[in-house]
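Note that the chains take the letters A, B and C in the order they are written out, and that residue 1 is the start of every chain.
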Amino acid sequence: MDAIAAGDAISDEKPVSKNTKNFTKSYTFRVILQGIITIWAATTFTFFLVRLLPGNPVSIRIDQLMQQGYTIEEARNQAATLFDFNPDEPMLQQYSTYMVNLVQGNLGTSITSAGTPVRDQILRFLPWTLISVGSALLISFSVGILLGIMIAYWRGGVLDNVITALASILSGIPDYVYAILIILIAGVQLQWFNVGEMRGGVTQGIPAGFTVEYISSVIKHALLPVITYLLATVGVWILSMKSSTISVLGEDYINVAKARGLSEGRILTAYVGRNAMLPLVTRLAISIGFVLSGSVIVERFFEYPGLGLQLARAVGARDYTTMQGIFLVITIGVIVSNILADLVMGWLDPRVSLEDN
Amino acid sequence: MTMNQDVVFSVKNLSMSYLADRGRVRAVNNVSFDLHKGETLAVIGESGCGKSSLNLSLIRQIPRTAEIESGTMDYITREGQHIDVLKLSPARLRKFLWSEVAMVFQGAQNALNPVIRIADMVYDTGKAHGINKAESKKRALRLFEQVRLDPMRVFNAYPHELSGGMRQRVLLALSLILRPQVVIMDEPTTGVDILTQRSILEVLKELRMQLNFSIIFISHDLAVAAEIADTIATMYAGEFVEMGPVRQVFYNPRHAYTLSLLNAAPRLSVGEEELHSIKGSPPDLIDPPSGCKFHERCNFATDICQHTVPPIERDGAHQVACHHSDLVRKERAEVLNK
Amino acid sequence: MKKLSILLAVFLLVIGAALTSVAAQQDEAPDGVWLGTWPYRLPPDHHLNAYADGGPNTNLGNVYREMVELAPAFYMWADNSYEAILAESWGFSEDGSAYELTLRSDAMWSNGDSINAMDVITTYALGRLVGWTQFDFIDTVEMVDEFTVSFGFIDEPSLLAEQLILREPLVATATYGEFAEQALALFDEGLDRESDEWSDLLVSLREYRPTEYVASGPYTYSISDVGDSFMTLSWHPNSIFSGTVQFGEIKLWAGETDSTTPLVLSGEIAHSTNVYPPTVVESYQQQGIEIVTIPRGYGPAMLFNWNVSPWDIQEVRQAVALVIERDQNAFLTNGLGAMGTVYMAGILDGNIGAMLTDDVIEQLDLYEYDLERAEALMEEAGFSRNNNGIWADADGNTISSEWIFPAEFADFAGASQDAIAQMNEFGFDISARAMPWQEVPDNIRNNTFELSVWSWGAASPFASRHFNNPLQRWVTDLDTATQPGMAIPMEAYPFNGETVNLDEMIRQMNAGVDVDAHVERAGEVALIVNQTMPYIPLNVILSAEPFNTDVIAGLPSMDDPIMLNPTGRDHFIKLSILTGVLGPAS
């Protein structure tokens, strides 16, 4: 090497020693610490916030019952039937009790289903939301990426015009409209399926387990919500992937790759696709965090037993402990998905280094 | 360099235009040249004169709105076989590119795919032309050494781990991996510091000597062009307005535009620093000026320049299209005599 | 000796087996399936403990709970009478100090136990533990004999207490006996709600999860019968109604208005008590689904904050009553499922005849739409129109107020928007603000509103309950130190230049058992409310319930007295299912 070339050196980023001494500076430690602080902050915030909502579980229940035509005595008798809630307890004391329990992994019991552990509620409803919104998100993302890259690569063609127009229309319509259309047109009018039968998470009476019967029933019941979410989200993925791809197509390294005589397949995947996907992967990971909250309206229309429906019910009834438990799950979900986004980005994009500084 | 050697790339009357919002832009207009084995042709001119469009036309990688309107591009392989580049099918073109004519693009920062290793780019290139991994790697390591890089470290690095100068040399090495006869270099030394620029030019000269390939060297930097080229072509408004052996063009320029370029370049040989920037700006290629396209900015311009397109005059290997080539030669001689 | 005992045991086993098989063969489940809906909750929120939220009250509601747990009697609104269910006889003791209830001796729980006085004791022991309103009237619950219980009144006998006692479903000692014993022990020790023992017992009762729903009605279910989309109540042979009901199953679809609509349309729900918007009701009719219109027991009322001028001025409130055309308002509230208030006396129009004398009814001001009369009242109160036609006081301050209403309740929102428009047309300056429904009552309670809308009246045969909502509900029933509510001076209420204790008048209205006295006291209050308009009863909402006669046969005609029962606790379907009036359409 001559003197001039010696001036260039591979930038040294890797050789940070990985001793245990440096654990406090390590990515893992940083992530765990950040996670704990975020969870604490979010938990504290929601704890006080939910209690600042107008009304409390008892008064809300009485108002609600009387709205259903109950007399004042009936409403009071029902409200007397044991909510797990003492409005007179000082808030700070409630807070410290809650935090002490939380540290021990105890989420408490539901206020409006007195005696039912919040953990049980979450375990009961979370899987359905994960199944429906999660698979819809992944399908929607994959389809969107694929179509987006295709119409960007062959832009100006018939396929591009049709799909772009379709995607713009699809993404402009909110998910509940699809839910209503699916039920009323495909279900009630055209009778493509039995509206009642498609409700719920699984056909009643099929024992849970890894059986073909159970799993196919789960898939069948998830179909309508998944289609709804798919229709509502795929357009946005298509359009973002298209614009991301178009900007990547203008990059020099694509021209270089073409000049090098690379096959179109290789250019599309390793050169265009991988670079165009980068911004979308971050968004995907962040969306995964919010998957947990589900979609209240869609779950209501299909009576799908997800966490969104449960959260909406808990908020409406001011079930503070259930709300907190679900918000905690969502917080953790968002944190985990952000870590996931970091990891995936670190894997897809070598410029992103997890062990920086 | 003598001009008797075999021609490897013969371009005749090449014209290319592309569609802009306001109309059709004639970016390359009736360009002809013969590139000989081992020859370095430097194309100089201001930015916007059509150099890069010419480049992309030569490898048929023009933008989708562009069109090669006319001309022929005859490429002669080592075996003496003639290839009509403009008639190649997409699949054949793909095979032709890089193995016969390679290119070092402008802007080393973005010319490498940021998400894959240099090794993968080497393998991709090899694979597209039927060269297995081992052979690709062997060739790449050898070339990296020749361009004075630490072969193994660079081979396994990601682009962002390399400095700008290193990337430029990687691109240079990559362009030679399939042993092409012609390498087109678009401003290969732009955007790197002066020391790196020197180093790249040194490397380039060495390589050219060892591997004996021809170069089409695009630059707006006359000093660099003078150092590396055998032949200089001055490009203005999409046309080659002057072309000739490097010494003739530099010492006896015959086109007013070439002279302006020379006057605008800093000269270390002259004591007093006398820089004359060229007045005005490059012409509108959608609606170009009549007659000689340079007349609006030319100090020698007369009526004839406004109305009549100057014919091409030949003087041996030196050719020029200027109504006042004699005046230009005189003026240059005066400046040099000072 | 040994052999003999073995023989005896075998003999008993054989007899037992024979008996049970005979009992099982006694009756087979009928074929029909009732297709209803209730917004029940899903397990694990869903459980079978009637004394904790999330139990049968929530999941079966006041319509279906009595399919499983029967009450002593059913109330008929047409003639103010009770039909026996579990009760054999009932009535006040001769000296009026107690109420005596005797159960029929042949009633059985689904587990085969006899239903007897002990179950009443159990029900009320836990009722007292959790704080039922029955104990505002009674202080003792004593077993007289195997089937008779005596409820001792705190003061005088009460017809209101009678209603509460006769309509409260009884729970099984088999399920709750242990808790009842502990509760009774607490009462014997003289401990009160504040004691640790009391709250500890509440906590363990709250966490109690019965595994079997022991039923007195002909249907029961277990948690495994609760699915995501529907739950099923199944027939059992031991109830006194097991032989009369025509449905072997009661299938209840999950969900509320939105999600039940398509199932009603497709015939998978035959009857629903949900409040459907007028357009949906219309589409049901187009599908040929019968709409049964019965009282709902309330309507929207315009509520004033009496702390905000000028709404404390009687003439201004009267003027408001005169400038809102109530039939139009009713139509914009719930289409044909609402009717403009006629009598404006604080008692639902349908109950006026039973609760007031003709003499009082004649004296009522009907506040028929009359802009001129309203203008005169406004001028009398010292207001005049300014240059823009807006009413202003002597200092030129216009009458500008904000009206808050619940965004989610289409009926209350419709009533509000129409009333505001009509008032502004007359020259008030009222602005509208929608908010989440839970926040509206909260603002009313906290006196942080100017004008609002909430319900008035009650599905109760007692006039005091009609006045209670909203007069006391939003004033004296609150902890007025922190929650002034509508800020009406209930205890010193201005009337004809004097003040009356309106709160006490309403509270005493239905005391005692002398119905004539009730009517007389109701008349006094009705005239005060009618003249002073402390709130404006805008209209009365009806329950327009889809009833699919292709699926269910036996719908009583609208002339049937039972159809005067309102929706809710005294809903006609309850008795009609039990007695077999309703059955599957063939």
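We adopt the following convention: a contact is a pair of C-beta atoms (placed from the backbone, for glycine too) under 8 Å apart; a residue touches a chain by one contact, two chains touch by 3 or more.
These numbers were taken from a predicted model, which means no experiment stands behind them.
Chemist: Chain adjacency by touch: line, ring, star, complete or other shape?
Modeler: Line.
Chemist: Computing the C-alpha centre of each chain, which chain sits at the greatest distance from subunit A?
Modeler: That would be chain B.
Chemist: Please list the single chain whose C-alpha centre lies closest to the global protein C-alpha centre.
Modeler: If we average C-alpha coordinates per chain, A lands closest to the whole-structure average.
Chemist: Any idea how many Å lie between the Cα centroids of subunit A and subunit B?
Modeler: Result: the chain centres lie 53 Å from each other.
Chemist: Taking each chain's centre as the mean position of its Cα atoms, how many Å separate subunit B from subunit C?
Modeler: From the centre of subunit B to the centre of subunit C is 91 Å.
Chemist: Provide the C-alpha centroid distance between subunit A and subunit C, rounded to the nearest whole angstrom.
Modeler: Measuring from centre to centre gives 40 Å for this pair.
Chemist: Do you know which subunit A residues sit against two or more other chains?
Modeler: Counting only residues that touch two or more other chains, subunit A contributes none.
Chemist: Using the touch rule from the top, collect the residues of subunit B that touch subunit A in their complex.
Modeler: Those in contact with subunit A are residues 59, 61, 64, 93-99, 102-103, 105-107, 110-117, 120, 124-125, 127-129, 148-150, 153-154, 157-158, 160-163, 165-166, 171, 174, 195-196, 198-199.
Chemist: Within the complex, which stretch of subunit A touches subunit B?
Modeler: Interface residues on subunit A, with respect to subunit B: 1-2, 4-5, 7-11, 13, 156, 251-253, 255-263, 266, 270-271, 274-275, 278, 348-351.
Chemist: Going by the contact rule set out above, which residues of subunit A touch subunit C in the complex?
Modeler: For this pair, the touching residues of subunit A are 53-55, 59-61, 63, 66-74, 76-78, 80-84, 109-117, 120-121, 124-125, 183-184, 187-188, 194-196, 199-202, 204-205, 300-305, 313, 316, 318.
Chemist: Quick one: which bits of subunit C touch subunit A in the complex? Just the residue numbers, please.
Modeler: 41-47, 49-55, 57-58, 61-62, 127, 130-134, 160, 164, 202, 205-209, 227-230, 253-256, 258-259, 262-263, 265-266, 268, 296-298, 409, 438-439, 441-443, 445, 455, 458-460, 465, 468-469, 473, 477, 543, 566-569
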